[in-house]
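Got some structures for you, see below.
Two complexes, one shared chain (subunit A), two partners (subunit B, subunit C).
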Partner chain A sequence: MPPNSMKRHKSKRIAIFNHKGGVGKTTLTINIAAALARLGKRVLLLDSDPQCNLTSYLVDPDVVDDMLDSSETPKGRTVWTAVRPVAEGTADVKVVEPIETSISRLFLIPGDIALSKYEQDLHTSWGECFQRRVRGFRGVSALSFLANSVSAAYEIDFVFYDSGPNIGPLNRSILLDCDFFAVPASCDGFSVQALKTLGRTLYEWVRDWSTVMNLAPDDIYLLRGRPTFVGHIIQRFREYAEQPATSYRAFIPRIERGITSDVVNVLRELDKSLAPLSSTQYKLGQIKDFGRLAPQAQLQGVPIWKVGNANESDNAWEVFKALAEKIIERTNGN
Partner chain B sequence: MATKAQKKLIEELVRHYRERIPEFKTFASVLRTQILGSPMLRKHIRFIRVRIKEPDHLRDKLYRKLKEATDKRKKFSYSKKNLFVKINDLAGLRIIHLHTQQIIPVRDGLRTLFDEERYRVVAGPTARIWDEEYKRFFKDAGIATKTGKTLYTSVHYVLKPNRKTPITCELQVRTLLEEVWGEVDHELNYPHESDILACREQLAALARATWSCNRLIDAIYRTKADADQRRGMDS
Partner chain C sequence: MTQTVLESSVPISSDAVDATIALKQMLDIMSNVAPENRQRLIQSLATFFDVAQIGPGDVPSATRKREGIPFSEEKILSPKEFLFQKKPQSDVERVAALGYYLTHYRDTPYFKTLDISKLNTEAAQAKFSNAAYAVDNATKYGYLVPASKGNKQISASGELFVQALPDRDAAKQVMQDARPRRKSKKGNQSREKSANNATELNEET
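Up next is the complex of A and B:
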């Protein structure tokens, strides 16, 4: 099927996104995705961060090295293998087969450092979209096209993009392809500050892409352009007697206020359906500091509930199960 | 006299248009770039003018339409849903060429461009023309003709970017001398028709004068083309 006439698959595409680094995007993405898989959903992780942290989490370092070395060969199967023909203008997206991870129903398209080469061209592609150029649309929607093709072939229910900590053109294409996004925030002043740029940037992306979509020629495969906000996840705070410790507790209302004023209200200026819930409903979850469990899980390439003692494991599973169930509920019917 | 509800509706329509102005601007400017980038077209074009309707002028127009509807005891049928379908000149692009025969290669160049760039032609080409000799010329060129109430002349197209989006861009193609008359007419009669008889009379006379010059330019180019052809046959 020619790419231009491909229909969008029904899988829900989600990004756990914040351009501030160190808020636990990758860890959250893996654990939420794994929880969804454990609940019976078929989940695709698309590592679209050129730093490949998500891939390194799930795949042995030697295997990662091999994959990166062979990404430009016929054996290649990273995200760069897929988008390289588009970046180099030689052909359409090469649909690669995802890796079946050790977690059942969880698939991975590995990241690649070379993806930054694709990101450079995205500036030009974006401009070409405003000029209604097919080449531009092909450029900005390359990752979306890949997610779409793999979703159809593997009957995927959820796609998670993992993104780097910036508001560059790659993340713009990713967010504009997403049906939903959640914002992770940590308990510090920078996290609160970052919400301002986050909301405003998303506003501009959605507004500009709406112009592009309205002027685009017929029968072009387009990014969806409507990332709906499903909520925020506050994380990495320490607990004392099952309550956030005082120093962290002070930040929670500030984050919540920031989410309302800088993300929800800003998106609603553009279109109410981009943030459809009432302001008290956006708390998706609070993830406490799992202490030694998080690095242990990362080392073993497994979800957090797979490490620690039975009690710790049960607690971790309950947290992520609740998050996954909320995501299922909030992404239904869109 | 507009009712409160009608005034509110007109203000809503103007606001709706104001919000979409960036789209109209982008549409017109992309089309301009594509036309100037077309080797088939650019050699025939003197210049292109792009115009986006001022929101205040849309408001005036809607009040005029409201008055017309009231006078005829008809319903004022404009809504947010049909505004961009009913009003097609919110974004306008004018291609100016030198002599009338150039409309043939311009028409062909535009047809190719619209196909390649996947525009939808929702109206046109239609030539507004009052001169009988030229009506025949346009008909022979496969361009429909229309005689308006004024002495305005131009070939019109209305384009859409795709099936779904309601916004349109009006494209006018005319000669430099048609543009001269059109500009004076616009200054004098837009947005409200002049009530000075002398000006209206002089404008009618100017239409004939510019049209004669236009005819003379056409004659010069026809003569030149004929001479070139003969010279080619001789050698």
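Up next is the complex of A and C:
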């Protein structure tokens, strides 16, 4: 079957996305993905952030360096190895074999700093899509094609993209490929502020891509172009008496209002099915600051519930298990 | 009886010249035979084809060190399967097991920390908290020894240790036996003291 007519695999593609940095996108992505894997789902992590933080979380730093050094050789297996032929216009996506991680049923396609080269080309590819050029569609959907091929080969249930903190063309392609997205937000004023631009940006991306889809030639592999909002995750707060401490608590209603007015309502202007739940249902979870457990887990390359004492571990697992179950339910990923 | 078994179970194709296919078919047939009859059948076959049987005591020394690993899996055993069998319980033990795997399955008797880390990733293991530190510790514990050009190699006791795994008692015993016996400081001092006393006595007499 020629690549440009490949059918979309049934796996659910999700991004934990916020263009604000430091809200815990990568940590959440890993822990939710690992929780889904523990619940029996087959999960693929696609590190599409040129900073490669997700890859460094799971793989020894010297091995990451070695992979980056060899990404342009036949032995390469990073995301850049896969999309490089498309970026350079020499061939189609080279489907790379994902790394099997220490977490059962969790696979990883390592990130690559060179992905920023691909991002530069995406500007051109986006313009070519409006000119109905196949090359443009191939460029824009290269990561999606990779996720699709690996999902089919490894019978993946969920694909998680890890994105960088920006609203550049790479994240545009990722979000437009996702079936669902969730927004993490820290308990601070900057997170509230960021929500305003987030909703409007997504609105423009979806609107523009729907124009492109109408122009697309028949039988070409396309991004889905309809990322459905599944909810927000409030995190990075300290607790007092098992409640968010007062200084953090003040931001929670502001975040919730921001989600409703700046994300849900804005997406509904375009299409109600992009934010199908009622405004009160969007809270996916609330994750307290796990303190020393987070860096410990990062150091060992394991989910947070794998470190700390039995009590801390059980608490962390319950939090992420609930989050994973909600995601399964909302994405209909049974 | 051999003939009956061959006819009644898996049919052997006439072009089964490939040794792997032949072996597969034989294994299928033998798995249908009662355990008490298997030895007799194997002996009959060996006699018929004039093949010398290799008993446990006849294993060549070069292969004896790999006891415990089923021969049929020896070539295809992945690092993940190998670690699954050996069940190392610490980073240091994992380094020793990976060093053993590099030596015996990858023909890499001399390796660097990066080789261990890469194999660790391939084996779908959690990353080392500090790979260089783990390799250093494996050297201190005697599982690895330094080789030329900053490389490491598995030590003799390291090999025996990994071979003994997953039997932890046996593995522990291997390392205890391998540890050099040092005279205790106290013992040395008392011995020196008694020697001095003896000298003094001799001088007095």
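The working rule: the second predicted complex is superposed on the first by the 332 of 334 C-alpha atoms of A that agree within 3 Å, B and C clash if a C-alpha of one lies under 4 Å from a C-alpha of the other, contacts with A are read in each partner's own complex, and residues count from 1 in each chain.
FYI, contacts are C-beta pairs under 8 Å (C-beta built on N, C-alpha and C of every residue); 3 or more make two chains touch, one makes a residue touch a chain.
In this text the structure is predicted, and so the values were computed from the model without any measurement.
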{"item": "Side-by-side fit of subunit B and subunit C on subunit A, or clash", "value": "fit"}
{"item": "Touched partner set for A:Q300, first subunit B, second subunit C, both or neither", "value": "second"}
{"item": "Subunit A residues touched - subunit C or subunit B, whichever exceeds", "value": "C"}
{"item": "Apex subunit A: angle to the C-alpha centres of subunit B and subunit C, given in degrees as a multiple of 10", "value": "130"}
{"item": "Subunit B versus subunit C as contact partner of A:F130, first or second or both or neither", "value": "first"}
{"item": "Partner chain in contact with A:L215 - subunit B first, subunit C second, else both or neither", "value": "first"}
{"item": "First (subunit B), second (subunit C), both or neither touched by A:D62", "value": "second"}
{"item": "Shortest CA-CA distance between subunit B and subunit C [superposed frame, angstrom]", "value": "45"}
{"item": "Intersection of subunit A interface sets (partners subunit B, subunit C)", "value": "none"}
{"item": "Partner subunit B, residues of subunit A touching it in the complex", "value": "130-132, 211, 214-218"}
{"item": "List of subunit B residues in touch with subunit A within their complex", "value": "22-23, 26-27, 30, 33-34, 117-120, 161-165, 167"}
{"item": "Interfacial residue positions of subunit A with respect to subunit C in the complex", "value": "58-60, 62-63, 66, 99-102, 299-302"}
{"item": "Interface residues, subunit C side, partner subunit A - complex", "value": "80, 113-114, 117-118, 120-121, 124-129, 131"}
